[in-house]
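Chain lettering (A, B and C) follows the sequence in which the chains are written, and residue indices restart at 1 in each chain.
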Amino acid sequence: MGRPEEKVGIIGWGAYIPRDRLKADDIALLWGFPPQVPKGIWIEEKAVAREDEDTVTMGWYAARSALARAGIDPGLIEAVFVGTESKPYAVKPSATIIAEAIGASSRKLSTDMEFACRAGSEGLRLATALVASRTIKYGLAIGSDTAQANPGDVLEFTASSGAAAFILGSAEESVARFEGAVTYVTDTPDFWRREGSRYPMHGEGFTGEPAYFHHIMTAVRMLMEELDLKPSDFDYAIFHQPNGKFPLSVGKRLGFPKEKILPGIVTPWIGNTYNASALIGFAKVLDSAKPGERILVAPFGSGAGSDAMSFIVTDRIEGKAELAPKVEELLKRKRYITYGRYAKNRRIIHRNVG
Amino acid sequence: MESLSKAMEKSGVSGNDLDYLIVSTAFPQILMNQSDPARILAQELGLKDLKALRVEYGEASGSAALEVAKSLLEAGRARYVAVVGFEKLTEYPSDKANYAYSTLLDFEYEVVRNITPPSYAAIIMREFMKRRSISKEDIAAWSVNMHEKASTNPFAQLPFKITREKALSGVVISEPLTLYDAFPLGDGAASIILSDEEGLKRASAEPVEVKEITQAVGHPLYLREDLTFFEATSNAWRELSSRTGITIDENTAIQVHDAYSIYGLLALEALGIGEAGKLLTSLDEMPFLNVGGGLKARGHPVGATPLYAVAENYELMTSGFNGLKYDGEYSLVHSMTGPDLSAYLILLKRWK
Amino acid sequence: MKHSISQFWRKKDSYYFIKLTRCRKCGRVSFPGREVCPFCGSRDVETYTSRGRGRVVSYTVTYFRREGEEESMPRIIGLIELEEGVKVPGEIVDVEPSEIEEGIEVEAVLRRLSSDNPYGLIYYGLKFIPVLKK
């Protein structure tokens, strides 16, 4: 029984992490949190976009890396999707700007999508469906965010900036072919941001069990059942990572050992990049994955929903990682900044402008 | 208005004699919300039968205006022409003047990419220092010399002497360029009255001939092989010297466009006066260089600047400039936009 | 600075890409993309897109501020010699004034160049960063 996804795979991947880092300890000191708070959720520092960076610029860089690895003419890309909850324009798609700036075809589907942290992943599934249905030959799915958090709220420890991009094409050309995917979505009010509001609100504890854990575990279990797979069949399990602790926790509850989860964890050092959260972890794993390995990728977005996707790495991955900056290299590129510079970069400081 | 009436008074040419008013100003639309300033001034003067036009050519607007004036006179289309240059750089907070000044660069490829004129001057200065092994301390000699000259100039914006230490202590604008390496933002106006030979009969002041004017357009900085060679200035000079056969040296009265100290030095080099490193050590023996203090210390009210230089050299060649006498037959005024993006040369000759 | 929407849109290519000109007559390469060779004046030229990689030839850290630039100071402005053998002016970012040196390898990246105000268009264009991958 052929699942449509099986005709499709990832032919190129890329990520981008801004250079500046703010230490969680500095946030704790300023806002009067005991240092055990960030330690307890395993967050050490987070990536902060510069004032001249945003969802578009970061998504562009990740897309270019994906293109370098895919080795295709960008003019053949006929779908560009950007999943983000930090659009530079409330109305005007980031996707069209990125598409133009990388040289994608004008004959294309293109849109920005919102589903908290999983819209990038939804874009990945949609691009896959378009390739599978032969509507397009290649599609580009990007998850990119300059995440917002109310200053002084515990969310500020982790809300960070980053992007990941994937080019989808036929399974035969792919470096990692799609084995199957399940998406599980319900109406769950765990985290939201009203129109016009600068910072999101969340239900604190409520974001855990009924939201993150329930949706990821349900989606993953549904996938494993449909594909008749067990945790031991997977080499890597990559989850949405709002902090370092949650993905280890959900992975454990699903039956994955720590060793399979750790390679895909990046949040402790770059924060929660929202739409790029699980996807940068996925990119990191692809940077060093071997042919034949099976990878589980389970992003989650508040509101709420989770994807569970299974990929099998192909021979074609050999040599591809070297063609663009790897996540490890992006992790190493850093300089520490003060809370003041973070506030300036992220425009938290109120000024008369214009 | 004031500078024009003074010029008319000194020259003995009255308003009714004037055929043409040529206005030189670079940024009136941005800094004065005024287009067509020539017509406005003409209307304000209320003179009968006065024709007017404005010339804009970046920082060399004044020189271009003089070329237009000379052309009208030579073509017999005017007998008396007043060239009036002015700029009001302090009308708005400096950020806005800085913006206006930056529009001199190419909008699409430089301005929008956040490239600004002082950045180019700084890059040229750095390249120069590296290649010639000349230090900031050495270059500061220019500023000290210009201030020395401006200290006796009643029309200078910065009429005070400075020490080399002071010159080096200025706030940084664009490394390695600091405050005293660059021109100050200021306002000013200058007027020159010109006539044809026939018209001189009515004039009461001693005349000086505007003998020859040349100009050249240069390449953007990024297209140059040698960042320290001012090719446009050099080309304008070659044309001037081949047309007139004159030679110049460090004793000639020369005004160079020292918007930045480094630009003044490189202009002198391009004019063949000498090698910049050597010139820096002999500025004190060049009393006829930038007599009023140059852009550096006399000031740079853009549209008026070349006219200030011409006026200073005119005085030098006639009644003397602040007591300084010059008996050379020629003097030269150089102006340019940005880093030699274009260059103008005006050759003045003693009237026989 | 109030930018024209239509001008930005019409010139998109020169914002998003580095366009170069190769003259078939004199062989020289120049920036930007043009119809006429700036060196010899020939119209027998072809334009193409640079890969965006090069080395910093010279640079300056500038504090010179125009309207609306408060949050971007200081800037590092430089001349970058591209692989293709031509220099371009550009802003260099993601590097400290103390870390930048002549000769470092850089790559062109899309960044926000400016925005007229919080309600206006954002002008994206290319700046340079030290290469992330040699």
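Annotations for the structure displayed:
Throughout what follows, a contact is a pair of C-beta atoms (placed from the backbone, for glycine too) under 8 Å apart; a residue touches a chain by one contact, two chains touch by 3 or more.
Since we're looking at a predicted model, the values are computed, not measured.
Contact count check for B-C and A-C (C-beta pairs in contact): higher for B-C. Central chain (C-alpha centroid nearest the global protein C-alpha centroid): C. With centres defined as mean CA coordinates, subunit B is found 58 Å away from subunit A. One inter-chain figure worth recording: subunit B and subunit C are separated by 31 Å, centre to centre, where each centre is the mean of the chain's CA atoms. Averaged C-alpha coordinates give centres for subunit A and subunit C that are 30 Å from one another. Residues of subunit C found to touch two or more other chains are 68, 72, 113, 127.
Within the complex, the subunit C residues that touch subunit B are 1, 3, 7, 11, 14-15, 30-32, 38-39, 58-69, 72, 75, 77-79, 86-91, 97, 113-114, 123, 125-127.
The residues of subunit B lying in touch with subunit C in their complex are 95-96, 98-99, 102, 108-116, 118-120, 122-123, 126-127, 172-177, 219, 221-223, 227.
Across the complex, subunit C meets subunit A through its residues 12, 16-17, 68, 70-72, 93-94, 96, 109-113, 116-119, 122, 124, 127, 132-133.
Considering their complex, residues 19, 50-54, 56-57, 60-61, 88-89, 97, 100-101, 103, 324-325, 329-330, 333, 335, 344, 347, 351, 353-354 of subunit A touch subunit C.
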